[in-house]
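Shared chain: subunit A. Partners: subunit B in the first complex, subunit C in the second.
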Partner chain A sequence: MSDIPADLRYTASHEWVRSLADGSVEIGITDHAQQALGDLVFVEVPEAGRELQAGDACAVVESVKAASDVYSPLAGTVVDGNAELGSAPELINQDPYGKGWMLRLKPANPAVLGTLLDAAAYQASLAATDA
Partner chain B sequence: MPHRSEQVVFEFSRPGRGATAQWPVAPEQPAADLPASLRRSEPPLLPEISELEAVRHFTRLSQLNFSIDTQFYPLGSCTMKYNPKACNQYAMLPEFLGRHPLAPESSGQGVLACLYELQEMLKDVTGMRGVSLTPMAGAHGEFAGVAMIRAYHRARGDLARNEIIVPDAAHGTNPATATMCGCIVREIPVGADGDVDVEALRAVVGPKTAGIMLTNPSTLGVFERRILEVAKIVHDAGGLLYYDGANLNAILGKVRPGDMGFDVIHMNLHKTFSTPHGGGGPGAGAVGVSERLLPFLPIPVVGRDDDRYRWLAEADLPQSIGRLSAFMGNTGVLLRAYVYMRMLGREGMSRVGEYATLNANYVLARLRQAGFDAAYPERRASHEFIVTLKRQARELNVTAMDFAKRLLDYGFHAPTTYFPLLVPECLLIEPTETESRETLDGFIAAMAAILVEAETDAARLKAAPYTMPVRRLDDVRAAKQLDLAWKPAATAVGGTA
Partner chain C sequence: MGRRTPLHDLHVALGARMVDFGGWDMPVHYGSQLEEHHAVRRQAGLFDVSHMCVVDLLGEGVRGFLQGLLANDVAKLEQPGKALYSCMLNERGGVIDDLIVYFRSETAFRLVVNAGTRDKDLAWIRRRVQASAAVASLQVIERDDLAMIAVQGPRAGELLVAQLPEAERVPTLALAAFCARDVASPGTTVAGADIGTSGTAGATGAPDATRRGGWYVARTGYTGEDGFEVMLPAAQAEGLWRALNAAGASSCGLGARDTLRLEAGMNLYGNDMDESRHPLESGLAWTVAFDPPDREFVGRAALEAVRAAGNADKLVGLLLEDRGVLRGHQKVQVPGIGSGEVTSGTFSPTLERSIGFARVPRATGAAVQVDIRGKLLRARVVKPPFVRHGRALIEL
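Here is the complex of A and B:
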């Protein structure tokens, strides 16, 4: 079973979002996503300053099985990308909700965060696709 | 199969050793007209070995290979059918091999006639109005196809159309091609039955739609049943339909992309028409077009004026997207496809489609009896089908990759694994029409035996293969620590970063 922390928000495409104290948000991919991808060998994260719309491809993850885009769950300006992933993509496999964070974003409209899936709804969406 | 690995050729090298009989004749004035700055000051880093050592080394390497000439190779969506030796034999006639591409048309009527007839046969079997043979590979053909779609819209002054629709089941080359051609990719889902979600298609088409790229049968191994409806939706919106020819083998002689409404198609001659696969080439990705794309075909194309064949180039096709290869593409490969099609004839073409489909459905039915799960159990397979090992992964903790590696020990090349990405823990199996019932039964028996092993001794699968020259490789480490040089020279750059 995959780990789904209760204090985060989620998308059906397997990104997670954490609210930070300064009003920005941290974004990564879920434990389920890293398990499905397998061992990651390459990660590309966006540079600070990039403007993103909700649903924009904002990062790339590549494993021995597949390459996949990561979609921004909400609109905003990139504050920071996790540069450590460039040399250590395995951090996403080892700690998807911690050291494996991918980018920090200043949301254009912080209220949108509340419209994303909560842990229970994400769990339900996983169960629906795993029929 | 020998149970050992082979050294790299440099490890056999000894100073001063060589094969003098094979040396080129030394020029009388070596590179006298080259400026000194461009001349080598040191000899190149080449292995120094005898002729016999070179012969043995490369023969042993060839024996370590899995190949269609030695083993069943059910690599889904790749159509690893057997290539009849006659195709090689005739394509390698000295009159073909010795012909210079700049020789005059008058002395090359034979090869031009072959290429012209190949164009005509490809038109006939696909239902297209024109064919160009110049693209050098499948992806090159895709590039030509989307470039023609863009040229068509541009020629009409319709500059807003820059979106290419791609189903999520598509080959990865499709969105890559669209992006390469400067288009924006709009992805649409396929439904639970494997067909394109027609409502999702209706929602994305519009004045920005340049076209849609479809594979039919799709990579899910099922025929797109609503293709005529899809064609009408896209055409009504002003877009064109692109047919990815990866799975053309399934429908050969039965149904034609042109009749389904497609405007452009690329054909992987190395899949459907039995030219050599792999090793990175040489390939051939001929393109076919409907009436409205005829002016944009890449050049040269072979034309015929009465009984004379000639190259059609810029003067004949001023709106062409241009030249994609030096001269005529890979003529040697095209000649192999020509011989193959001539040997089959129109009737043989239908039998290819029939047996490719029959063999796939036979293997699918037998594997289901053996306890495997079909990804689309309610659908008839085309020339390939998907088995999903999701249940085995959950219950027995064995993966599709474990099955694939263990198959090698049973003497079978693994099917395609983890593609398409939509189906978890999948094997995409394509037997092709050239395999005998006995070979198919052998593969089915091996799969059944591995399933029993998975249920009783999963650890055995996890460590497979046991009988190959190398055991399970660490593919993560291989991807992260690229080490491609035998022994980096002091001046060498890169390769070991």
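Here is the complex of A and C:
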């Protein structure tokens, strides 16, 4: 029973995207993803200035069990990485859609955002994998 | 669907995340692997280890048979109830499995072997029994009727013995490490012996039900803490688990079991050694009894040759100095000497650093580099164990 806020966009690989007022977007991993990964113990976020293509591995989350890549949902330039996660990776477990944000990106083409999954479509993709 | 232990439905009811482990559906955690780890270091935790295979070897000549089968020497087991850790080797000195052997009587020894190797282990043992005229009547009995629960942590003894009949409490708490005893099961007055067949089995050697039903309790474990492993009839496992839960022992999954054993400096079969690796390059030289020199055991000749030539590789402990997490199969660079590979790695919840084991060239010194996603990170070579009885044993 994972939390899927209605105002965000999603990918089938369990990233979420939030539009910010300044035209940039905030990216993290979903509640479902953090539950599946378990306790996170190490997070590597990208540095500001890095150019990303959609689908690029842009961050790494490691739980006690295993390492997983986080893929950029869209192309753009990294504005900021969440430095707090370096010393507190558990923020992703505790607050995946808030303090657990991972990076902020200036999208190359903001219109792409509309092509990502909405909450209902992401919910449906989870149901399909569980079945 | 994988194989299930007698506690499978209870794990699901307790909210465990179930995963496949060597063909078995097993709990990896019940919510937080980190909390389970800390519970064992600070209080007490419960592990379902029923997927491991209990094998009773019954009959005349069993001690001599085991002296030939195992790299460690069961001659060290002088008192009934004593246990010994050993590797079982192939002719090339490779490790078929690691196991614990318990001496119960001169006609009854018990082995506990790994889950993922059970079929090949049983086949290997049975083949050797058949090949030896001296032990032709030896019975090899797989005890699928038993469950096994590990109770581990500083409070393990106190919590476990409270579940035992009054008369069993003091002698069970008095067990030394690597010792075991038969214990009457709660609510019965049946003497504890559970040998599998009666000691004086008739011509059929059929299991004697009147001798079954007891518990076998060993002061052993895989966590680096005080603790016990209880072998008991499958039908009684859920009752014991629930009672220990209620008394304050936390349900713990395979995830915590792995971080605890790594901190404790204990090898995992399949990761840290296997049939292509011998004990001398796996940190297990201490488990090979070369004395007396006239004891012939499978793999001895191969190990003697390695010993004479000097082994090329060794297994060492690593502490990652940079930020990141060591994982199995990461490449290790040893400047000026060569390269190796991480065999097991994790984040240590107790040390809050990444630790692991690596197989590296024998000449490797104090510092290596580990390739983690294309970056060479610094790691220090340390002597395991990393943690024992809740305390760090290495300098951070």
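Definition applied: the second predicted complex is superposed on the first by the 131 of 131 C-alpha atoms of A that agree within 3 Å, B and C clash if a C-alpha of one lies under 4 Å from a C-alpha of the other, contacts with A are read in each partner's own complex, and residues count from 1 in each chain.
What we mean here is this: contacts are C-beta pairs under 8 Å (C-beta built on N, C-alpha and C of every residue); 3 or more make two chains touch, one makes a residue touch a chain.
Since we're looking at a predicted model, the values are computed, not measured.
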Partner chain(s) touched by A:A124 [first = subunit B, second = subunit C, both, neither]: neither
First, second, both or neither for A:L20, with subunit B first and subunit C second: neither
First (subunit B), second (subunit C), both or neither touched by A:K65: both
Subunit B versus subunit C as contact partner of A:D39, first or second or both or neither: both
Partner chain in contact with A:G86 - subunit B first, subunit C second, else both or neither: second
Subunit B and subunit C footprints on subunit A, overlapping residues: 39, 41-42, 64-67
In the complex with subunit A, residue positions of subunit B that touch it: 172, 418, 421, 424, 475-476, 479-480
Touching residues on subunit A, where the partner in the complex is subunit C: 38-39, 41-42, 44, 60, 62-67, 86
Interfacial residue positions of subunit C with respect to subunit A in the complex: 17, 28-29, 32-34, 37, 255, 259, 323-325, 327, 346-347, 349, 354, 373
Residues of subunit A touching subunit B in the complex: 36, 39, 41-42, 64-68, 89
